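Next, two complexes with subunit A in common: one pairs it with subunit B, the other with subunit C.
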Partner chain A sequence: MDINTRREEAAAAFAAKGLPTVKEEAWRFTNVSRLNEETFDAVWQAAEVSFDPLSDLVVVFENGKWSVEASSLDGLPEGVRVRSIMDSADARLGTLADSDSGFVLSNTAQFSDGILIEVDAGVVLEEPIHVVHLADAEGGSFAYRHLIAAAAGANVTVIEEYIGSAGVRYLTNVVTEAFVADGAKVDHYKIQRESAAAYHFQTLESELGGDALFSNHAVTVGGRLGRNDIRGRLLGEESEAICNGLYLLGEDQLFDTHLFMDHAVPKCQSHELYKGILSDQARAVFCGRILVQQDAQETDAIQSNGNLLLSRAAKVNTMPQLEIYADDVKCTHGATIGELDEQALFYLQTRGMDPQQAHGMLTFAFANEVLDEVACSVVKLRIEAMVQAWLAGVNE
Partner chain B sequence: MALLEIIELQAQVEEKQILNGINLSIQPGEVHAIMGPNGSGKSTLSNVLAGNESYEQTGGNVLFDGADLSELDAHERARAGLFLAFQYPVEIAGISNMYFLKAAVNAIREHRGEKQLDAMEFLDVIEDKKKLVKIREDLLERAVNSGFSGGEKKRNEIFQMAMLEPKMAILDETDSGLDIDALRIVADGVNALRSPERGFLVITHYQRLLEYIVPDFVHVLVNGRIVKSGGKELALELEEHGYEAFEGAAV
Partner chain C sequence: MKIEDEKSFDELTDKEYKYGFVTDIESESLPPGLNEDIVREISRRKEEPEWLTEWRLKAFRAWQKMETPEWAKVEFPPIDYQALSYYSAPKQKIDAPKSLDEIDPELLETYEKLGIPLREQEMLAGVVAVDAVFDSVSVATTFKGKLEEMGIIFCSFSEAVKDHPELVKQYLGTVIPTKDNYFAALNSAVFSDGSFCFVPKGVRCPMELSTYFRINAANTGQFERTLVIAEEGAYVSYLEGCTAPQRDENQLHAAVVELVALEDAQIKYSTVQNWYPGDKNGKGGIYNFVTKRGHCRGDRSKISWTQVETGSAITWKYPSCVLKGDDSVGEFYSVAVTNNMQQADTGTKMIHVGKNTSSTIISKGISAGRAHNSYRGLVRIGPTAENARNFSQCDSMLIGDRCGAHTFPYIDVSNPSAQVEHEATTTKIGEDQIFYCNQRGLDTEEAVSLIVNGFCKEVFRELPMEFAVEAQKLLGISLEGSVG
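Our next item is the complex of A and B:
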């Protein structure tokens, strides 16, 4: 099916189906009905939002469109192609993101731009590609469609960052598809710091061949209402998926993470560590589903979701789900919702830290554990600084 | 003036009376050992002295360097120079040992009116102190006590003590869970920190530790009271006859 037909079909399906409602199991705790009452329009204009590039390879989208002036791809080596999704009718587009979710359908029908990253077999790109999305158009609707394809043995790091101008109301709806071929490695990071009045939805789909590695770290501090749907399919033996995340929420923010990991073949690993810190009346939803199919013997899957509540009004719904049809597997999951450990607070105080310092350090430690597997040092520093800044804001 | 003066100390935990009037006076430079069977109140004593809010002091007085300890919160006691080496050191994932130590050292330096150590100065102090307890470099980079063996945790406690240079150190069953080699290393670390100004209170169930950290005084704790005090030979007596004789006496 060519892409235009696909888009037309998606538009028709979306017109019939609309956005998901709380009657759907997967959206039970996340009510997006307000989006139907508010209006959003595609308004393509330059954005006046500052950002710090994390790499020499930077692609900047401003209010829905690739900005050639702000982007820089100098020094991109042979065997790596980075261009706008609008310039290419890539046949793979939509083959992973094939769900009938209203957000995916709407994205397929309406995406206005996106990035296509292709890395040829055996090519290792050391420098990360920093994909920045800037938003400051009030009432804007931004639909991005990204595709990452790492051929056999290729190696690439992609950082998606979303930055909004404070107080501006807009809607970002992103679909990213990642193809990780045999022996390839894709490290993917997502830093979401949209405006506090923004809505943000992303579906990230990945497919792994044999002996492949896909890692995703998703850090969320922004947005009034948002959700990440992160889905991985392990289709080749000995492959490994890492999906870690951190959400720091305050005021009346609601953020939902839905993970789905599909183990279709033997000897694969998936590790998922998610942590959240909530203050004020913030709400978080976490649903982590791991499917181990009958053939997927010797699967090693670990999932955990920990939540720290800094206020009595904050709320978390967490739902780990294991669905196992193979018999020789190692799968664990766990979820916690709580406060800081009293014994640990006492320990820090016996070392001279006052109660406020001890609280701050343990809260930071709680969040920081998620960053242990962040291999990209510039990303690690950026996220650590974001966590510190967020915690400083809470303590004010 | 005594460094630590415990007068008729009574304490309870979860509304259960554990300490029934303890008297103990420790002068600078002295090493005192408290020995007692399980349930005698050893851990309650160390927790009360360190300021754990889960334990309530219900009577008596404790003076540290002349100041009433009950007036001070745990962190103020630490800043005033009191140190507790935990029986079960707490694991803190997400914070490196190094970062943790730097925050602790600087909190205490700030209280003493000394300037904060910068990264280089801090590393110099680390280099100097880590030899004392033969602590491995990688344990400093790892998260605090996370995945450490029992011996590594206890060594880390003594290392922290060396870094913080307290006036008075309480070692709560530091020997528990240690094999003989680890015990020797920990004891060597403690002995290296003995000085005419510093006091030690070594709390233990077994005499073994006291072969390596030789105390000036030994006290027997039974049912929340010190029932006998003596010199280091008292530990050997206990080793031979056990606590039974004292348990009868305390009722």
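Our next item is the complex of A and C:
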């Protein structure tokens, strides 16, 4: 099916189905009905938002379109191709993303741009590719479609960063598909710091071959209402998926994470560590589902979700789920919700810290567990700074 | 029930479960079907007051507008509610087996393994009526007299409606409203009978109340309704069901249990459920759709649910606690065993409303054969529940590679002072563990039983003494044939 037919079909399906409602189990805590009442239009204009590149390889999207001037792909080695998704009709597009979801359908029908990263077999790209999305168009609607394909034994790091101009209202709807072939390794990072009035939705789908590794770290501080749908399919033996995340929410933010790990074959591993800190009236939703299919023996799946509530009005809904059809597996999940340990706070104060310092230190330590897992040092520094800035904002 | 169901049901009664039943509709039974007239007729035959008839009708009208819930991880063909008969008079003794010689030897063997006394075996197999078990009415009257002296009311639901209508009216449906869910609404409309227990202020019930002592409620039927009320400072421990496989001709069971604990009151509710699970291929078996909920209304009240679920083709059951009073405590201890084609979707809800409330959830799911066992639970800490605590532990054990074990917890927290912890693990019985036991002279089946019992120990120790020993043996029997 060519891409235009696919887009037309998705448009028709979306027109019939619309956005998900709270009647659907997967959306019961995340009401997106207000999106139907607000209007968003595709506006393609340059964006006046500053950013710090994390790599020499930078691709910049401004209000929905690839900006050639701001992007820089000099020094891209042989065997690595980075282009706009609009320039190539990749047959794999849409084969992973769940076509049933309203956001995916809408994205397929409407995406205005996106990145296609292809890494040939055995090619190792040391330098990360920094994909920056800038938004400052009031009422804008930005639909991005990304595709990452790492051939056998290839190795690539991709950083998706979303930055919005303060106070601007817009809608970002992203679908990213990652194909990780046998023995390949894809490290994927997502830093979401959209404007506080923005809406942000992403579906990230990955498919892993044998002995492959896919890692995803998602850090969220922005957006009024947002959701990450992250799904991984482990289709080759001995593959490993890592999905970690950190969400720092305040005011009336609502952020939803839906993780789904599908262990289809034996001897795979998946590790998920999600942490959240909530202040004000913020709400977090976390649903992590691990499916171990029949005969997917020797699966090792660990999931944990920790939440720290800093305010009386904050709220958390967490649903760690296991669905297991094989007996020789090691699967655990855990979830905790609470406030800072009084005794730990007291201990630090007896060592001469004032309450605020003690509070800050313990809160940072809580988040730091996720940071420890970040391998890419430039990303780690960026996230660390974000966490510190966020905490400073809370303590004000 | 649909035709194929009816067929399987017939086969169930005709073959594997051939304990002398006939399915002929007796003269005193109502014809199959469900409508307002049937509901009225049930109420009339039970000589119920008008308010209760109206209450049933309200539930029935609500039920008509509801849809069968489909969220549980269980599969069964649609049930034709118009094909069921909703009222049958107590069974004629002529239809029952004359002696234990007529009973399936396999069943007798099971009784033997459970160590059930002969007279009790006869009762369970339906050879004698339950009131004959304790040999005379006097035993029962002794118990009843003793309870009455203390002001405890323990009787069948129908008796309670006649003798204590004010209490029934005050509490019925206040924990589980008629419209609560599909099966609760159905039960509210057509409930046949059940138990009623009222423990007055400051009284500690001196014995475990159980169906053993309940003489007149032998035929509570498939839509059982239980109401337990513990007034200020009262204590009661209630046992439901029994460890032995019970004969039962109804395929659909939709029971409702309501518990009310006032200030400083404690209710301990233990269940052992071992209904017919169907054969190895999943033919027949009981559908057990139960709504159980307790209200901790007063401060410092406590409700504790303990359940051992080994029977039924489908178990759909979530005993819950609403912790309204400050410092109230909710507990849920569960062992659910599924073998062959059984399906269980069970768990609990802990709703924290009051300050300093705490809840504990310990769930052990064991799945063997081609069975599916799900834990589904909700822990909700409301905005007013200061310093609430919850600890949940859901462990699954898989025996064989064709079964499934699933965990679906929901945790909603709206108060920062809450401390909520949930953990779940999945394990199997290690070959090294079996090997070790074999070395020490235990055969594989014994080894499995031993290991599984160890896995469930935390729950078994919550059971009243008389149940605990039997439950352990029962576990071994339920898992027979699951290994090797």
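Heads up, the rule we're going with is that the second predicted complex is superposed on the first by the 395 of 396 C-alpha atoms of A that agree within 3 Å, B and C clash if a C-alpha of one lies under 4 Å from a C-alpha of the other, contacts with A are read in each partner's own complex, and residues count from 1 in each chain.
In the analysis below, contacts are C-beta pairs under 8 Å (C-beta built on N, C-alpha and C of every residue); 3 or more make two chains touch, one makes a residue touch a chain.
Because the structure is predicted, anything quoted here is derived from the model rather than measured.
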item: Residue contacts with subunit A in the superposition, subunit B compared against subunit C; value: C
item: Partner chain in contact with A:58 - subunit B first, subunit C second, else both or neither; value: neither
item: First, second, both or neither for A:321, with subunit B first and subunit C second; value: second
item: Set intersection of subunit A contacts, subunit C complex versus subunit B complex; value: none
item: Subunit A to subunit C touching residues, read off their complex; value: 25, 294-295, 297, 307, 309-339
item: Subunit B-facing residues of subunit A, complex; value: 341-344, 346-355, 357-358, 361-362, 364-369, 372
item: Residues on subunit B engaged by subunit A in the complex (per definition of touch); value: 50-54, 73-75, 77-79, 83-84, 86, 89-90, 92-95, 100, 103-104, 107-108, 111, 143, 160, 164
item: List of subunit C residues in touch with subunit A within their complex; value: 71, 381, 383, 396, 398-426, 428
